[in-house]
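Next come two complexes built around chain A: one with chain B, the other with chain C.
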Partner chain A sequence: MITRSERLVILTLALVVVLTVLAPLALMVATSLKGDENRILLDIGSLAAFWVNPLEAEWTNYAQVLASQTQPFLRFLFNSVFVVGWIVVVGIFVNSAAAFALSRLRFRGRNLVLAVVVALIIIPMEALAIPLLLMVNRVGWLDTYQAQIVPFIAHPFSIFLFYQFFAKLPKDIDEAAYVEGATPAQVYWKIALPLSGPVIATVAILQSLEYWNAYLWPLMVTRGPEVRPVSLALAQFFGTPPPTWGDLMAFSVMMSLPILVLYLAFQRWFIQSVVASAVK
Partner chain B sequence: MASLSIESLRKSYGSVEIIKGVDLTITDGEFVVFVGPSGCGKSTLLRMIAGLEEITSGELKIGGTVVNDLAPKERGIAMVFQSYALYPHKTVYDNMAFGLQIAKVDKAEIDAKVRDAARILKMEHLLDRRPNQLSGGQRQRVAIGRAIVRNPQVFLFDEPLSNLDAALRVTMRAELAKLHRDLGATMIYVTHDQVEAMTLADTIVVFEGGVIRQAGSPLELYHQPRNTFVAGFIGSPKMNLLPVTVVAATADSVTVAAPWMTAHLTVPVEPGRLAPGSAATLGIRPEHMAAGSETGLITGQVTLVERLGHQTIVEVAAGEGAGVTALIDGTRMTAVGSTLPLTFSGDDVHLFDADGVAAVRLKVPEIARARRERPAA
Partner chain C sequence: MPKKRSSLHDQSRPALVLMAPAGLLIFVFIIAPFLLSLGLSFTNQRLVPNPNLPTSFQGFSNYLRLFGNAEFWQSFRNTFTFALLVVPLQSALALGAAMLVNSRLPARNVFRGIFFLPTVLTMVVVVVIWSNLFQINGFFNAVIQAVTFGAHPGFDWLANPALAMPSIVLVSVWQGFGFQMVIYLAGLQGINPELYEAARVDGASRWQEFWAVTMPGLRNTHIFVVVTTTILALKLFAQVDLLTKGGPLGSTQTVVRLIYETGFRKGQVGVAAALSVVFFLVVLAISVGQRVFLKEDREVA
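Right, the complex of A and B next:
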């Protein structure tokens, strides 16, 4: 049993955590809704920075960001959605198929491949960036969508997550299907993949987050606004003096929204799979 | 439906041989049960028949065709797994239809077959459920239904009832027997439960360590076990196996003696290698012993009493160390520590030579030779 005072301590702690997490978000949203730049500068440094009077809230910052000719926000947003969408959707199939092969098919060097995949999880993107840039340059993909999509479809951590899931699926189920005349491809497509809902959700969220926030690689391979993602655009927006905090925050809010929506859509599954992997 | 023939079948994993040369013929429509202790290779052999394990050497024929190198689906078999192995995301209907859908069978035909199987198994009302909404017995039924719809030549079952509770096991056992009568298909059934083996089988095949120790009808195995392993494996409580010495042998009987027996015992068997003076093993089933009044062939202290009601299991210390289990009349007054005389007849016992091979019994109940009657297909 939890006593009253214990409950109070727990609630207080939870509140502190929630406030710590929410404070920057509140600052971002509040600032984005303040039309007067001087007001923002005045409020910063006091608690007023985290709050905007609903009656005084203005959408001018949003309008300005959306209207900018030099920094076409909607174009950036589309680029990000397009790139991340392709990575995630194609990635689900490629990574799950790879994991299925690693967990289910017998072939020479399988364990070696698995070891390499696991090892690749810990290699940071930064370490691969230069050689990858040379390769992308070689095939003439600079300043294209492909350069931002193709190298990231295969995702070691996603393969690992799928692998773990498939490894736990009873082999009897596959064998029953083989006895019934299914081919390995059919077992993958009609049984393994439909059962992987929670993993698909997890992988989709992890990969989306990773590439939605990508910075270094888009910086290296994109030049103009045509294919540039919104994450990189934000940084450049920030770097264009003088900083107008209201616009910047409006930009940030709009950039965060799609990923938030995606998370909320998959959240139930995501939490389920995190919990399941914790319990088992 | 089909016959099955297995010739010198072997299976090795690396250098470890698991199936060590199995020869077996199974006739069309026969219900064959593989029994044996855990790890003796029953499942492995069944999976070789299914095509899930490669055959290291030997020949496997189904319906007269060598199927060694055929994929499972080309062998005309269906398999029911111990874990049921249902597809968790599919409804009962789709679980049963899956194999036919893959074979691109016409939709109306699939529907007819699935509904027919559901009717046979009395689960028409479950067709829209998913496996996690079913009880263990219902899942088992779906697994069997999935086999039925494919109308296989041979059904393979790997311990299909061992995950069910005792009461359900009895019900499902009866249903399986009925299914076999109704379908008339060849069935091979793996179990380590000898009651299942005795009640279901036309033929029981007893395995030990990857070899067949004996194959025969349930009562043949009960009355004429060919070796001490089968003798100890079939029957419950287990047969008592006790050391004796041969004192005399004629053409149709062998007389034995032992320090734990109060008198000589003459057993009607062909002596074979049992010459006077040689060591032998006497096999006495607990149910063939009775509590005597004054004297018995065995007299000793009771060390264990288990009352079942109509019968009582007693353990009696006979001579040095050797405990004898007997199944006696349930109304007999006896208690741990008291002295109990036990009697038995030479006609009911079994004799094995020093290598554990049985001497041929000459007085065997006629039922041991009878084959189970099967309705014409």
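Right, the complex of A and C next:
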């Protein structure tokens, strides 16, 4: 089997990777808790940068970020949650309904529609950004929530994931319902959708990560703080030299906290979602 | 009777109703901009229309302008350089991490959870943290000074044309490897354990086992990981825009950032559309390549 020395090598390597992953995070947390910017600059090139004495930890950077009038952190955070929430929730219904029709209903041209949906998965958003910007500009959607939400609700890859799930459901489930006189819409709403918890979780996680991380699009369509998402607000704050590391790191910790809590609570689901996205 | 059957089985009306919302949104926000991109690439359309200069058909002049533009070629060269560095590094690290987690490691789920952690962080946060490490008086230079006993002062990582791109590669690998690790892990768990036993019976060393069982067993996983990582790499934008703004001397300018600069900053929508079309064709070629590879494998299997 596995020898003792092999086990030691494995453990050592694993700990090296853990250190590589956690050290930058420790730097972020430690810096955010140092109230004195001079202290941060003094520590910056040494191991002290990765550590803060718990007794000396201060929350002043956090208070500063939260109190800022020009950078309304909570507003930014709300904007992100609002945008991602709408995309994900409405997207689940819109995409699963289409997938249900494609996988469980009989109609002419079904395979063609399915082929088109699969083909559309390849088109990267980056290649559509400029014409989309022109369209959004034309209808006066610049600096609005809808410009960040509506274009991303329908998601070919999510339709494909729902399609795969629905296609595998046994035939008798809906046939029994149809015999009893149910309409396809009822079968979708009362039978298929309630069964699709696992795909809903996968789609919700993948889309949340995708749009929580959106950078290019909000950079082009948001100007002021009213609708700007939190990641872009941090980008702007970071882009205004000189960097005030304490505030930047406090901002980073606070905006990462919600997603980290979700990740730690639903770790298995996150990892399963990634696997599901790869299985074709 | 058969007539009734067929009417019962034709469900095109409810299907249309259920597909309408997604269909409409996809048409307006994916298909229309895609066609628009194609159409605009043959015009001199501007973001803010100039009343004195109405938009007109320009033939292939945008494309010719791009192909004659050094910045265009540089952005493609940089993007491919990034992909050529990131794909092997990230895949190898991901495979290594997956093998560690898949081995007899105590508390392997904890390790897996930590390895995956950077992927849930927003790139902007990752950039803020790493730019601190890259500072002139930052940690990396302190390490260089320490190991050279002060003989070398270190580098200005992001302002050095030779080091800026590798620095961005490092940030990207750190943030992204957990994603591919999870996919490799699923691949490793799909390999028949009897193959390992057979290899051991034949007296194979760990090294031989890796090349004879693990690597061939991961063939489809490799193709998937390499293709998806390549496509992700081609979309490189946020890290570069935040850390170097394409500099120094254009050494980190990427295709997507050039699309953004041309279309958004300069308002040259026509040229940016042509660039988007070229970008899409490159992504398409790689995706089609994956299909071909996977199909061949299925025929063999």
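One rule holds for everything that comes next: the second predicted complex is superposed on the first by the 244 of 280 C-alpha atoms of A that agree within 3 Å, B and C clash if a C-alpha of one lies under 4 Å from a C-alpha of the other, contacts with A are read in each partner's own complex, and residues count from 1 in each chain.
Methods note: contacts are C-beta pairs under 8 Å (C-beta built on N, C-alpha and C of every residue); 3 or more make two chains touch, one makes a residue touch a chain.
Just so we're clear, the structure is a prediction, and the values are computed from it rather than from any experiment.
**Q** Thinking of the overlay built on chain A, is A:Phe238 touched by chain B (first), by chain C (second), by both, or by neither?
**A** second
**Q** Applying the touch criterion given at the start, work out whether A:Pro156 contacts chain B, chain C, both or neither, answering first, second, both or neither.
**A** A:Pro156 contacts chain C only, not chain B.
**Q** More residues of chain A in touch with chain C or with chain B?
**A** C
**Q** Name the contact category of A:Pro194: first (chain B only), second (chain C only), both, or neither.
**A** Once the two structures are laid over each other on A, A:Pro194 reaches chain B alone.
**Q** Just chain B (first), just chain C (second), both, or neither: which does A:Val179 touch?
**A** first
**Q** Which partner does A:Pro170 contact after superposing on A: first (chain B), second (chain C), both, neither?
**A** Touch status of A:Pro170: first partner only.
**Q** Quick check: in the complex, which residue numbers of chain C touch chain A?
**A** Residue positions touching the partner: 9-12, 14-19, 21-23, 25-26, 29-34, 36-37, 40, 45, 47, 96-97, 100-101, 103-106, 111-133, 135, 137-139, 141-142, 174, 179, 182-183, 185-186, 206, 221, 224, 228, 231, 235, 237-238, 241-242, 256, 259-260, 263-264, 269, 272-273, 276-277, 279-280, 283-284, 287, 294.
**Q** Mind pulling up the chain A residues that touch chain B in the complex?
**A** Residues in contact with chain B: 170, 172-173, 175-182, 186, 190-191, 194-195.
**Q** Please give the residue numbers of chain A that touch chain C in the complex, ascending.
**A** 2, 6-7, 10-11, 13-14, 17-18, 20-22, 24-25, 27-28, 31, 41, 44-46, 49, 93-95, 97-98, 100-102, 105-108, 110, 113, 117, 120, 122-124, 126-135, 137, 150-154, 156, 159, 183-185, 188, 209, 212-213, 215-216, 219-220, 231-232, 234-235, 238-239, 243, 245, 248-249, 252, 255-256, 259-260, 263-264, 267, 270-271, 274-275, 278-280
**Q** Looking at the complex, which residues from chain B come into contact with chain A?
**A** Touching chain A from chain B are residues 50-52, 71-73, 77-79, 81-89, 98-99, 102-103, 146, 150.
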